[in-house]
Structure formats: C-alpha cells, structure tokens
Amino acid sequence: MKYINELREGESVVEHYLCKSRQSLKSRNGKTYLSLKLQDKTGIVDAKVWDMNKDIQSFAENDFIKIDGSVTVFNNDLQVNVKRIRRSMEGEYDPKEYVPTTDKNMDQMFQQLLDYINTIESPYIKTLLEEIFLRHPLISKEFKYHSAAKSMHHSFLGGLVEHTLSVTQICEFMSGRYQFVDRDILIASAMLHDAGKIMELSDFPENDYTDDGQLLGHIFLGAELIKDTAAKINGFPKQLESLLKHCILSHHGELEYGSPKVPETIEAFILHCADNMDAKTKMIEEMLAADNTQGNWAGFSRMLQRNIRRSDYK
Amino acid sequence: MKYINELREGESVVEHYLCKSRQSLKSRNGKTYLSLKLQDKTGIVDAKVWDMNKDIQSFAENDFIKIDGSVTVFNNDLQVNVKRIRRSMEGEYDPKEYVPTTDKNMDQMFQQLLDYINTIESPYIKTLLEEIFLRHPLISKEFKYHSAAKSMHHSFLGGLVEHTLSVTQICEFMSGRYQFVDRDILIASAMLHDAGKIMELSDFPENDYTDDGQLLGHIFLGAELIKDTAAKINGFPKQLESLLKHCILSHHGELEYGSPKVPETIEAFILHCADNMDAKTKMIEEMLAADNTQGNWAGFSRMLQRNIRRSDYK
Amino acid sequence: MKYINELREGESVVEHYLCKSRQSLKSRNGKTYLSLKLQDKTGIVDAKVWDMNKDIQSFAENDFIKIDGSVTVFNNDLQVNVKRIRRSMEGEYDPKEYVPTTDKNMDQMFQQLLDYINTIESPYIKTLLEEIFLRHPLISKEFKYHSAAKSMHHSFLGGLVEHTLSVTQICEFMSGRYQFVDRDILIASAMLHDAGKIMELSDFPENDYTDDGQLLGHIFLGAELIKDTAAKINGFPKQLESLLKHCILSHHGELEYGSPKVPETIEAFILHCADNMDAKTKMIEEMLAADNTQGNWAGFSRMLQRNIRRSDYK
Amino acid sequence: MKYINELREGESVVEHYLCKSRQSLKSRNGKTYLSLKLQDKTGIVDAKVWDMNKDIQSFAENDFIKIDGSVTVFNNDLQVNVKRIRRSMEGEYDPKEYVPTTDKNMDQMFQQLLDYINTIESPYIKTLLEEIFLRHPLISKEFKYHSAAKSMHHSFLGGLVEHTLSVTQICEFMSGRYQFVDRDILIASAMLHDAGKIMELSDFPENDYTDDGQLLGHIFLGAELIKDTAAKINGFPKQLESLLKHCILSHHGELEYGSPKVPETIEAFILHCADNMDAKTKMIEEMLAADNTQGNWAGFSRMLQRNIRRSDYK
Amino acid sequence: MKYINELREGESVVEHYLCKSRQSLKSRNGKTYLSLKLQDKTGIVDAKVWDMNKDIQSFAENDFIKIDGSVTVFNNDLQVNVKRIRRSMEGEYDPKEYVPTTDKNMDQMFQQLLDYINTIESPYIKTLLEEIFLRHPLISKEFKYHSAAKSMHHSFLGGLVEHTLSVTQICEFMSGRYQFVDRDILIASAMLHDAGKIMELSDFPENDYTDDGQLLGHIFLGAELIKDTAAKINGFPKQLESLLKHCILSHHGELEYGSPKVPETIEAFILHCADNMDAKTKMIEEMLAADNTQGNWAGFSRMLQRNIRRSDYK
Amino acid sequence: MKYINELREGESVVEHYLCKSRQSLKSRNGKTYLSLKLQDKTGIVDAKVWDMNKDIQSFAENDFIKIDGSVTVFNNDLQVNVKRIRRSMEGEYDPKEYVPTTDKNMDQMFQQLLDYINTIESPYIKTLLEEIFLRHPLISKEFKYHSAAKSMHHSFLGGLVEHTLSVTQICEFMSGRYQFVDRDILIASAMLHDAGKIMELSDFPENDYTDDGQLLGHIFLGAELIKDTAAKINGFPKQLESLLKHCILSHHGELEYGSPKVPETIEAFILHCADNMDAKTKMIEEMLAADNTQGNWAGFSRMLQRNIRRSDYK
C-alpha cells in the first residue's frame, strides 16, 4: 500500500483511502469542484477533483474510496489532483490501515472481560452482564472494536475494551482492600460504566458524536441500558438496579463533569477513582509514547493542562 | 382543634397531632422513655413519654397519633408530658391541618394542566401526556397533591401542580415569541419537567428524599419516565423521544446544578429559564408573604443568599 | 447596488461601501499605501490603495466612501485595487444596505414601547419615562435605531428597541402572576434597563464601546440617567428613585456579570430573568436562522458555549 | 461610670446605657414585657422590664437611656431587672464610653487629609475636593467620626478617616514610583474612595446599612457623589469626571467583589491595591492587638479565612 | 477501668483520664476555679475543681491525670466535681484506652512497609529510604504510631502507617500497568508522601498542628526531608532528588489543595490518584463502620459533602 | 550594527545575531536543511541554510552566531538565505543589543538593595542576607542581571533586581505604618522573595524554565535556599527560619496561585501585597510605555485580562 506520508510531488497514485471530508465548492469562474481530505493511519492529505465527470462516481464522507490521481504542490503543501474515484468494496482494504488501533489483542481483551462474568455471585447481575455483553445486538458485536473517546484518551479502535478491562482490573484489586464493598456491584459497574459510549459515539472511521450522544450523553445512555436489560430479567431487585444505575450516573465524580449525582456508595466512589486514574494515566502514557523530542520534557498536554516530563535522570 | 401555638403551661391537652420524630432514649437511671416531636401546621412541640405502659400503643414516625397529656415548661420551652397515645384513624383528623398546603385549588390547577393536553397537535406527544397524567398509576393520582421540593420553593401540598402549571403557562407565553419553537415539545416538557419528583420525594407528611431520589434524582427519573411511556406507544419517533428527554435532563441549566447536559435546543433553554424564574420568584413571594417585621426589609434569604426588600416607598 | 458577495476576479467596481478599517502602511521599498476593509451587509473585502494621489480624497474609518477600483486575487482571497476614493454624501447610499438591521418595524416597535407609558399609574414614574423617551435629547432620538450589543445578541440596527420591547412584554406578563409586584416599577425598569447602552455603544456603523462605555459601563450610566431625570421632577420620591436605580444596577443578576448589587426586590429579580431569557433565547434563534448546514445541528455557539440543535425529528 | 463588665449579682444599678435592642414580648400568661440589650464599650447585658408603667418612659432602639434596676442571674447569665427608664439627654453621657473609637486623634487625621487638597494642581479637582470635604452638608460634618465598615476593618468611630488617610498616604508614596501616574487623580480618588460609606452606613451607635446602602451600595453612591459635585463646577472636564468615577467604581478590584468595572487606569489599579492592603493589614493588626491568649497563634480570622500568628520567635 | 460512658449521677470516681482541656476561670464572687475536659476513648466529660488547694497538684493540658471526684448533673449534663488531682505516672495507664487506635497491627504494617525497601533497585533510593525509615531520629521511631490527619481520614494511632502502606500497595499494583513508570521512584515517593506529617502534627494525645505544621505544611516539610537526606548520600543524582521532591510537592494534585506544582510525571500522577483514592475510600469505610442507624443511609459526610449509603439491597 | 528591523529584500547581510531556534528539516527531495530564527532586540527573522557544507560550522540554539547571507521574500515575509555561519566570540557582540534590558542602572540598583543589609538589626538575618547576596556562588553573581519572569512583568535583563528593590522599598515604607511588624523579617523576605527565580529561569538569552524550575518552582526553591543558608549559620533560631520560609512560601497570596500556604503573619501579608502591587502596576506601565496607537486606549492586556487606558483627558 502507498501510505500518505510516502507521497512525493510528481508521482501518480492509485490507492484506497478513507475520505474524511468532502465539500462541493464553486470556483471563481463558477465551476463546481470537490475538495476532499484523504486519510490513512499515517496522515491526511488534501485532494481536489476539478473535473466532475462519469469517472467520479458517487460517494460520501467516511466512505473508503479508490482514487486515481497525481501529486502536486500548492502553497507548500502536497495536494492530489484526482481524475477517477469509486467507492471501495469490503475486502479491498484493511480498515486497520486507516484508523488508529490499539496495539493489544482486541479479541483477547474482550475475552478477559467476559471471563469476569463467571466470577459474579449474584445470579441477577450475572444474567444482566450476559444479556448485555453476549446478547445485546449492538454491544455484543461492537464493544471490542469501539473507541473510548472522540479525542481524549483511548481514542482508537479497541480503546473501549482496553479501558474497560483496565478499570475492571483496578476495581477487582481495590474490592478486596476495604470493608463493605459489594464485589459483584463493583465489577459489574466497572464493566458497564462506559457501555453508553457505543450509543454516544459512532463507529470508526466516523467516530463522532451521534444525535443521542449529544442530546443525552453516554452517562444517561448507560444507565438506561441497565434499566432496559434489568426489565427483561425476572425478579431483578429494584434496589440493586438503582445501585447499579447510581454507579453509572455518578462515575464522573462531580456534577460539573456531567454526573447528575456524586458517588454515594463505596462502589460508586471506587469506580470513579479507577476510571479517572486509568483514563488520565493513559493520556500521560500516550503522550510519552508519541514524544520524539530531545530532552526529558514531552511538551504541553492540553487535556491535562500541564507539561509532561519523562522520569529519566542521570 | 387545639393548635400547638395555643398551648399554655399547666393545661391538659387531648388532641390528634402528627408525630414528626420518635426516639427511644435511656435516662440516667437506665429507664427507657420516648422523646417525640408533635407537629401541626402552626408549629412543633416536644413531648416525652416517661412511663411506657399499655396506654402507650404502638406507632411510628410520621403517624398521626391521638395523645392525652399535660403541658409543662422545661428549660424555658413548652413540653408535653404524655400519658396516653394511640394511632389516629383516617377521618379523625384533617391532614390539611398538619402540613402546609397551597392556598389555591389543587383540583382546579390540575384540570388547567390537563386542559393543555388537548392543545397538543402531535398525536404521539398527546398520547404520551395522557398516559402519564391520566393513566400512570402513581402520577395520575398523586401529582395534584405533591410538593415541589423538600425545603426550597413550593414545599407544600399542591406545590408541584402549582409550580408545573405556572411553568407551563410561562412556556405557553414564550412559545409564540420566538421562531423555531416547537410548541408541542415545549408544553409537554414543561408539564413533565418535575414529574420525577413524585418518585424523588415521598408524600406528605414525610416529604423526604426516597432511596431512588437520593441515588438517581428526579432529573434522571423524569427522563426514564418518558422512555418507559414512549416505549408503550406504537411508532413513537425515536428522535422525538430524545428531544423530550433532553429537555428534562437539561432543565437545571448547568452541569453544576445536576443537569448532565446543558440545554441545546430552544425549547430546552426556554424551559430552563421558565423553571428558574418561577421557582425563585416564588421564593421571594413566599418570603414577603411570611414577613411580619417592621420596615421594608424582610430579612435574609438563605436560599437566594441575599436580603429581600418589599418595594414600598413613601 | 453591487454587493460584496457578488464581486468576481477581473471585474471593475464603482460603488459606495462602508470603510470599516483604514491603515496606513509602508511597503518594503518605503512607499506608503493604504490597507482598507470595505463592508456592506453581505460581507467584507480587503482593498489596497497603492498610489496616494489627489484622486484619493481624505476620509476616515467608519466613513461611507465611493470607490473606483478593480477586483484581483491575492493569496486566494479577493482584493480590490482602488484608484479613486471620495467620501459618500448622505442620500447617495442607504445605511441599511451596510449594517445588519432588524427585520421588524423600528418605528412601530418604538411606538409599542411608548404605549406602555400611558399604562403607568404613578405620576412620578410616568413623567420620568416621558422625560427620557420623549424629551431626552439623545435617547428620544436614537433609541429606536440603536443596537443592543457589540457582538452578543440583538447586535443590529433596531436591536435595542426590539430587545427592550420584548423584555417589557415578558415583564408585563409576569407582573400579574405574583403577589407584591409593583407593576409600575417593573414596567419602567424594563423599559429603561438597557438605556445606558446608548451612551455605552456608539452608533452604527461604528457600534463600538465609547470612552464612558469602557470606563463606567451601561449599568452605571443607566442608573445615572434615572438620577439625572428624577432630579428634574418635582417631589420625585427618594425611595422610589432608589428602587428604580436598584433594578438597573442589579439586572445582570450576579456580581461577576457586572452588577454591583444582586436583585433584592421582586421587580429587580423578574427583570433580571426576563432580560436573560430574551437575550439568550434570541441568540439561539439567530443561530438557527443563520444556519444553512445539513442535518439538525447548527454548530457551536461561542457565546452560549454549546452546540445548538434545531428540534426537527422524523 | 458603672461599666457592664463590672456588674455583679445582687447589686443595684442606676446608669446610662445604649439600648442596642428592644423587643416587646408576651409572657405565657399573656402579659406584655420588654426584653432589652444594654451596651457600653465593655460589653452587652440582657435586661427585662416586667412591669410596664409610667416609670417606663418611651424610647427606641439605639437611644441612650437611663435605667434603674437590679442585677440578677438567669440561666447562668447576668440580667438586669429594670424598674425605671427614661431617655438620656445629650451631655449626660459621653458617646465614646459606648462605642468603639479609634485611639488616634480624629480632628488631626481629618486635618491631615484636608492638607492634601492644597497639593492638588488641577483647579477642577481641587474645587471638587473642597466642595465635598469642606462644604458638603453631610460629608464635611460626619467624615471624621464615621466608621469604615459594619464589622470588617476599621469598624469604629473615626475608622473612615483613619482608613482614608492611610490609603491616601500609600497612594502618595506610590504615585512617584511609576511613570504615567496622574498624581491629582490618584490622591483625589484615594480621598474619595469610601466617601459613599457615609450614605451606606448609618452613624454610630446604630452603624447599620441604610436603605440606600443596601439597594445601591457605597461604590455607586460614591460615584454619584462625584457626578453631583462636578455638575456644580463650571467647566469640569467630562473625561476627568469619568476617570474619577472609574477609580471609585473599580476600587474593589474584581467584579465579584462588587465593582461593576475592573481597574483600567494605572491610578485605579494603585488605588485598589492600596485600599486592599490597608484594609486587610489593619484586620491582622486588630486581631493581634485583641489577642491575649498564650503562644504565638492568635486564632482564626473569619474575615481572612486563616489562622494568624504573631512573628515572635526565640 | 471506669469508662466515661459508664459514669452515673451520684457515683464516686477515682480514675486516670486524659485532660484534654484546662481553663482557669473566675466565678461571679471572684473565686478562681478550674474547668476541665476529661477524655477516654469512650467519650468526654466536663469536670470542675471548685477548691484550689494542695490536693490539686500541678498539671497541664494533654497530661494524663488521676482524679478523685463525684458525679453530679448540671444543666442536664453529667459533670464531675473533682477534689483531688495528680499527674499520672507512665505505666499507671494504657494510652490506647484514651485515644482512637487502628485495629490493625502497627508493628506488622511498619514491617511490611520496610520490606518494600529491599525491592528497590536504585542504590541511591534504597539508601535514602533506609536513612529515613531506619535511622532518622524522629521518623524511624514515630512513623508506626502516628496519625495521618487531625480530623479527616486515618485520624487515629497508627493511621499514618496504615495509610502509607495502603498507598504503597496501590502504587505497586499500578506500577506494572503502564509504560514509562519508574517503579523505584513511585514506590519511594508513595512511602514518603506523608512523612512530613510527623513534623506537621504533634503526637497523640495532642494530635494538633505544630508551629511548623501551620507555617510550612507537611508537603513542604516532606520535600525538605528528602533534600536533607539526599544531601548526606554521596553522589545522589540531582535530577533524581528533584523528581522525588516533585512527587511529594504535587501529591495533592491541584494548586488549590496546597500543592505548589501539579503532577507532571507519570509517577507523580499515579501517586496523587492512589493517595486520593485510599484517603477518601477510607472515609467512606469509617463512616459505614461507625453507622448504627436503621436503614441503608449512614448520614451526611461533611468531609465528602454528600450522604453515604451502604449497598445493601433486598 | 545592522538591525533586523532594517533588513530589506535583496540586501546582503553579514552580522552577529542570536540564534533563538534551530531545526534540522528534510525537504521533499530528501535533502537536509536548517531552519533558524535569528533575533536581536528589534525583532526576529526566519533564516534557511539550504546547503550544509564546511562554511556552516557547528552551533546550537541560543548561541550567538555570525552569518553571511542574502535577504529574500517568501510568502510575504522576509527570509535570510544563509551561506556561512560560525559561532560568535565573546567581545564580538554586545549582549544588550540582543535581549531586552532594564533602562535603569543594574549595578546601582543592586547596591541599593545591598545597602538594606546594614539596616537589619538581627545578626542572624543580617548574616543570612550576606551569605546569599554576597557569597552565594550563583546568586551573588547573577542577581543583578536576571529577569524576573519569562513573559509576565520585568521580563528583561535586570528585571529581577529592579522588581526586588521596588518591593523592598514598598515594604520598608509599610513596615512603619502598622504595629507588630518585625521590620527585619519583612525586609529580608522582600529581598529574598524571588531569589528562587535564579534557579527557576535560565539566563538570557535563553530565559526559559529550567528542569528544577518546572518540577519544583521558584517558591519552593527560594524556601530551600533559606534553609540551606540558615543551616550554615551557627545558632540560627529555628522559629525565625520557619517565619522567613513562611513568607517565601506564601508570597503568591492564595493556594491557586501556587503558594502552598496563605500568609498567616503580618509580614507575609504585606510582602504579598507589595509584590502583587509592584508586579501588576509595572505591567500597566510597560503597556502604556509600549503603546503608540492613537487615542487614550492602549489595547487589551492578556495578563491582566482588561483594556488599559492612559489617564489623559481634555
């Protein structure tokens, strides 16, 4: 495959790319042309279609497309002048080449997560988790591929399962350290805390907020998911349902971060800490991994609002 | 009826009161006695049962009880020494004598609210409102008697319907003043915005937060109510359901006031303003009505964090 | 008229525009040239005067000027090379073509506002309003044409009278809904609440903060206006003057929004709510009206710090 | 004089005191009695008038009264049973015995302040200061006796002149240290910055917020004073008036402290710093002076929200 | 031993108690008497010494004293009238009866903490920890007995070692979960993060802020401890010293919680999370353990500003 | 010298400049070139080295270099194409031509500061100041040349001594105005309050945060400096050391500005006020001095978040 960061001025290029943006514009002489952004995992390049003819078949943003064009330079940036376009067919391209992806094994992480279900003692909670992770039409299928965020932490294919597994492991560790912790509730709410993100964020390659995501948010959507599922389980205790929903609703920790309730149970509080700890430590890790500057300082993290330093010393 | 603010030292009293608090204590010589707080709408008085015998029949907090006792003074405060207690029977007392109540007609206000249903054009929203206000087992029965708060504004019998009607009337007025307002959505969400309070706050005389009220809150409970009801209505549009739930979720206006989303539609924003305006103006009105000091200043409002002045001038 | 959004490369243009910005610069070879921004209601275009000769007559920022030039392209943006300039004379141009203007009838709105004066019962307040709206040299003349803001809501010709009328109508509606409201005080302070903006913001086309606007602000200037006017009215009650000034001073609702006092009377509080409600709902309405993107989301409002959605559904 | 902190159980007392509080109450047997708080500079004592007869002449809160009574103990606190009361006549008592007073010479401090007037170069500012400090009916008379606050700093007779002189001296010192400082504006606004307190706070012994104080505040009242006075001075420059008013309006430094504008000129900024520095350092000094505990820590300052330590060391 | 919660009116009592407070007062007839607060782990009782004679030997606050007195009732509260007092001698009393103490084994916890030292790879860090935990005159002796706070979490004998061990264990668990973590730095800073509390808080029974504690705080004192110790270790890398001090300085996570720097390294961030998580989860655990009310709600936590619920359900 | 703001297209230039930035980049055809930023006190210009040969000798960022090149225009900005580079030698250039410098006499200001040492009465404090200002290897040498900030106030050569002297003079003035002020402590902590900046910020021309500056900050570094120095002085009182360190630690006034303690002594509080007052008044002065626009408004200060006006009036 010809990666975007390998394109050079003057070359021809025939390749499948993800069309991340597609605008129909009018030039000064009134002619319509297309302005595109093509993406693969190595970067993004501008492309123009100056001549709209039958070789330019119909396609939409976030489609994979096969293009035939030539590489030019405009305003010091590379630009592809495209002569032919058609939509790519499944199988012609490997999605992993086009979007950032976890470097861990998604199937294996999902299986590790599922393995927690058998450690649950409460038959109600166990059934609830099975309904959601094994039988829910959307979640059972997409959980392992989803990202955990649009642009914060774990914003890559598999990010959701990676983050969820990590939070669950931290909660497991914490569950034995304090009295009064109901391990079943803690593990289940750890596994489910971000499940609403599957409804909040659309799949890669779009990976953007859905209508419901913006209007309702993953916190509400996650609590609603528990309600819907519990309603199908005979005799599911009402108070248990409320305790689980409380963990989901309060997991951002403070009202100003979008939780309509602060954590009022020991499980809800531990879940909040574990979620916060994993998400932000991962941000630091991602920043250090991406850093290739000299010296120990890796630059300013906009999300954490601070400079980050690797702990090397001499 | 012998009201509590009419009791005088040395009198005997035989009357029905609401038992607002009931503690079993041990005196220094090891004997068990009861310490009660008796309430009617004129005030609260301490009472003691020093001798636990068969004349003291079983009862619980928030029961209405008939007592037989005598009025004494302890530490400069009146106290009733109680010799006989039994639970009151329905019909022996008029609940309105014991709890604060709206001075408006609750049936009439509820009917005015119901009248809005026929002004709704969307058959889906109309059915939704009918399901909730006419057929929901709890809400259809209790809406008109409920309070709107534990201790803020409209914290009296009928406060919920009074506040809801007022917010709906303001929203009706506003709906014609701006473009792009979907009147159906605005009126429906105004009518429903505090319906979750019926699940959040228990009935008078207790009028305290329920378990679900504390764990989940009326904002979430109200949105869940819409979901449950919409699920029963054939073909209820998903986006419409989300828009209505968004209005409920965002009606506190800001995350730090417990809304997991800020208002993003024009109806959600107007609803928030109308709710805020009615609730706080009512606080000022209640404060001015209760004020009987000399001068124009009615004292400090803890809820509004300011002194309040009536606008008299000479 | 040749509108700015209709200019095309290579055309000649002879037209009146508003000169929004005028800078005298020196080119690398030391020659002086002018860099202008020309505006009409359809947009803004850069213009250059490379040759300063007698055909370039004297003018200043915010003058209307007649230009003769040709349209070129520089750095992908249109630019007008100007050969001749003179100041436009009144009558040669229609100001409404150059600045955004309310789509409602300014005279009619102003008359509706004046009609409220006759509904006032207090002779003192009535005279005060007449002095200000009918006889104040600046306000009586400019109120109906002024904008309500530099860049927030109602920032167009006639915005002040449109916003003021709307707030007054909302206050009228609210005045009958609560006890203890002095309708005269509420209506008068609604009519006057933003009158200080006439001193705070200069007229269109400049529409920028004045020296006094920046040093003192419209809140103080509005309260000072009441003081000055009341001083001319025989026997005007001192406490009434203070109550009116309090409404003006407190109408932003909180100290951090520039009110030196929070609302302490019921009229001051209602005024604050009505002002806030109208201003922000108008922002949403303006955003939805300007939106021409596909889908229901109209983009991010910087002033409200949120995405805005129109309530369409299917 | 018999001071309140010298009263002993069983004594008779005939003395003039300040009546700080006066309530008419009804005893349990329905008889009316008076409950008073008597004050001198050494403390406060409760007093009761059980028998309302002709020996109890008419008086009001904040009157000085002559009482004849006997000292008893109730609930472990001293109480005076009063048999006779009449209003004290001027000359019978020395107000300084009843209210806290500066330990510096008020006349001398006021003269020092007046001496600054002759150092002003601008004839307009000089006249303005003379009008206010020498000829304003209220301010010229009361400035030297007023307190600077109800309960914060300098809350004693003469506190206003002491604080104002100190701020003026600091501003004088600062005025020579930076370029661009207009000394006249800085000195004048320092002298005037709290003049509005004379209208905001009533005189001792009441020393409470006036109606205007609560509705408008000393910041607005001070700016209004400048406006009124400048209006009487022929040719007073409008911009100079605005610059002086800006200094007054902004002297609390931040909107959330009640300034409707933040300091935007170098004089306004220096004034704010000097005011803040003198007020808070004085709070610390007052706290250290009042402290008579052992050890270096003088306790918690509620106003400064911290513990205060004297800097002794060994 | 006769515990304070077992005292009854009329009894004589001869027992050792901790004198938590000691005031010398003057009665109304001018006689001096002592007012004491006596404490053991079951509660606090007032005591008075009315007659100051040779049987009342000299003692100070926070001394253990042996008293001989009788139990009376004053104002409905028990009070001990004391006739004889002398200071207790070591061995006559068991300190654990007087102050709250961890229910875990302090020696064992301290040993577990020390065991971490041998897992450190860096010889510099290893020596640093040995110097502090094994050889520092104050810390090596008191660490295992100290409390972790005056009144927040772990405010009991042994609280410091319990909290420190827990934070270290969490950090150990986390150290293997993310890349770029220097385990030595993380473990060492976890062990040392609250060591400054030994200088900040005096020992039980006083357990109050020291002079240095108030002036400088445990965060600064802990960083200074590292500096002092590193200075004694030959060749201790300067950057390593800074990285360790950074972890201590930043462990409160945000400036407003008293950290002069926010965490900028991955170890500093993990330490902050682990500290916060353990401290607050412990508060919830302590609250649930102390709760003996009916129902699932354990009341309002002032420190966490929320109601706490145990996760029981039916 | 040929200043950067005098360069013109087409000229040759042979001159010494400060190399503020140096990046090695690869062109599209794979050739390596250098991209530089050259600085003198009049501005900054881009430079490119297209041909890396022996005429381009080795140098680093923040070196002074002698270049030989020609001035071209790229993308409307001047650019120097450089053919020869070598490091400049000391003596070939005058550093003051390259970095902003105080317009006051640095030697004289430093001497004025030193003169305060002889006014100190406490021999301990006197010795401490001598140790630091006369004998500390780094501070005694660099204090007079250092800047006081990276980009806030006094960010120029000599800024530290200018600011320190000014704060000390203000503190001297204040020390006589309030009781309980220990002048020695106040003067010493004023002289030392920003001494940590010498370790926090590297020298000009780099003038950037050091590793320790970012990890620990000048507040901690300054307190550590006092500790280190006091440790060398025989018998230095521990409490005095703590009082001085407290002044340094708390001089930012509030936790959220990076002070781990708020000022708790009168000296610490005065120091904080003097520091704040001088720093921010200097920002205004610098802004007014730099302003060359027409009119009285000098623009928006990002650091003070407000517009600044000079107090001219007519």
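Should a chain be cited, it is by its letter among A, B, C, D, E and F, assigned in written order, with residues numbered from 1 in that chain.
Quick note on the criterion: a residue touches a chain if its C-beta (ideal position, glycine included) is under 8 Å from a C-beta of that chain, and two chains touch if they have at least 3 such contacts.
Treat the numbers as computed from the prediction; the structure is a model and nothing was measured.
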Task: Where chain B and chain E overlap in contact partners, by chain label - done: A, D
Open item on the list: I want to confirm something about chain B and chain D. Since they are copies of the same sequence, is their interface symmetric in residue numbering (over half shared, so same) or not (under half, so different)?
Closed with: different
TODO: Could you tell me the distance, in whole angstrom, between the mean C-alpha positions of chain A and chain C?
DONE: 44
TODO: Would you mind pulling out the distance in Å between where the CA atoms of chain B average out and where those of chain F do?
DONE: 62
TODO: Identify all positions of chain D at which a residue touches two or more other chains, and write them in rising order.
DONE: 211, 214-215, 239, 242-243, 264, 307, 309
- [ ] For this assembly, give the contact graph shape among line, ring, star, complete and other.
- [x] other
TODO: Go through the chains and record each pair that touches.
DONE: A-B, A-C, A-E, A-F, B-C, B-D, B-E, C-D, C-F, D-E, D-F, E-F
TODO: Can you check the complex and tell me which residues of chain F touch chain D?
DONE: 166, 169-170, 173-174, 177-180, 182, 185, 237, 239-240, 243, 262-267, 269-270, 273-274, 276-277, 280-282, 284-285, 288-289, 305-314
Task: Contact set on chain C toward chain A in their complex - done: 8-9, 73, 296-297, 307, 309
TODO: Note which residues of chain B are touching chain E in the complex, please.
DONE: 28-29, 75, 211, 214-215
Open item on the list: Help me check something: in the complex, which residues belonging to chain A touch chain B?
Closed with: 211-212, 214-217, 219-220, 223-224, 227, 239, 242-243, 245-246, 249, 255-261, 264
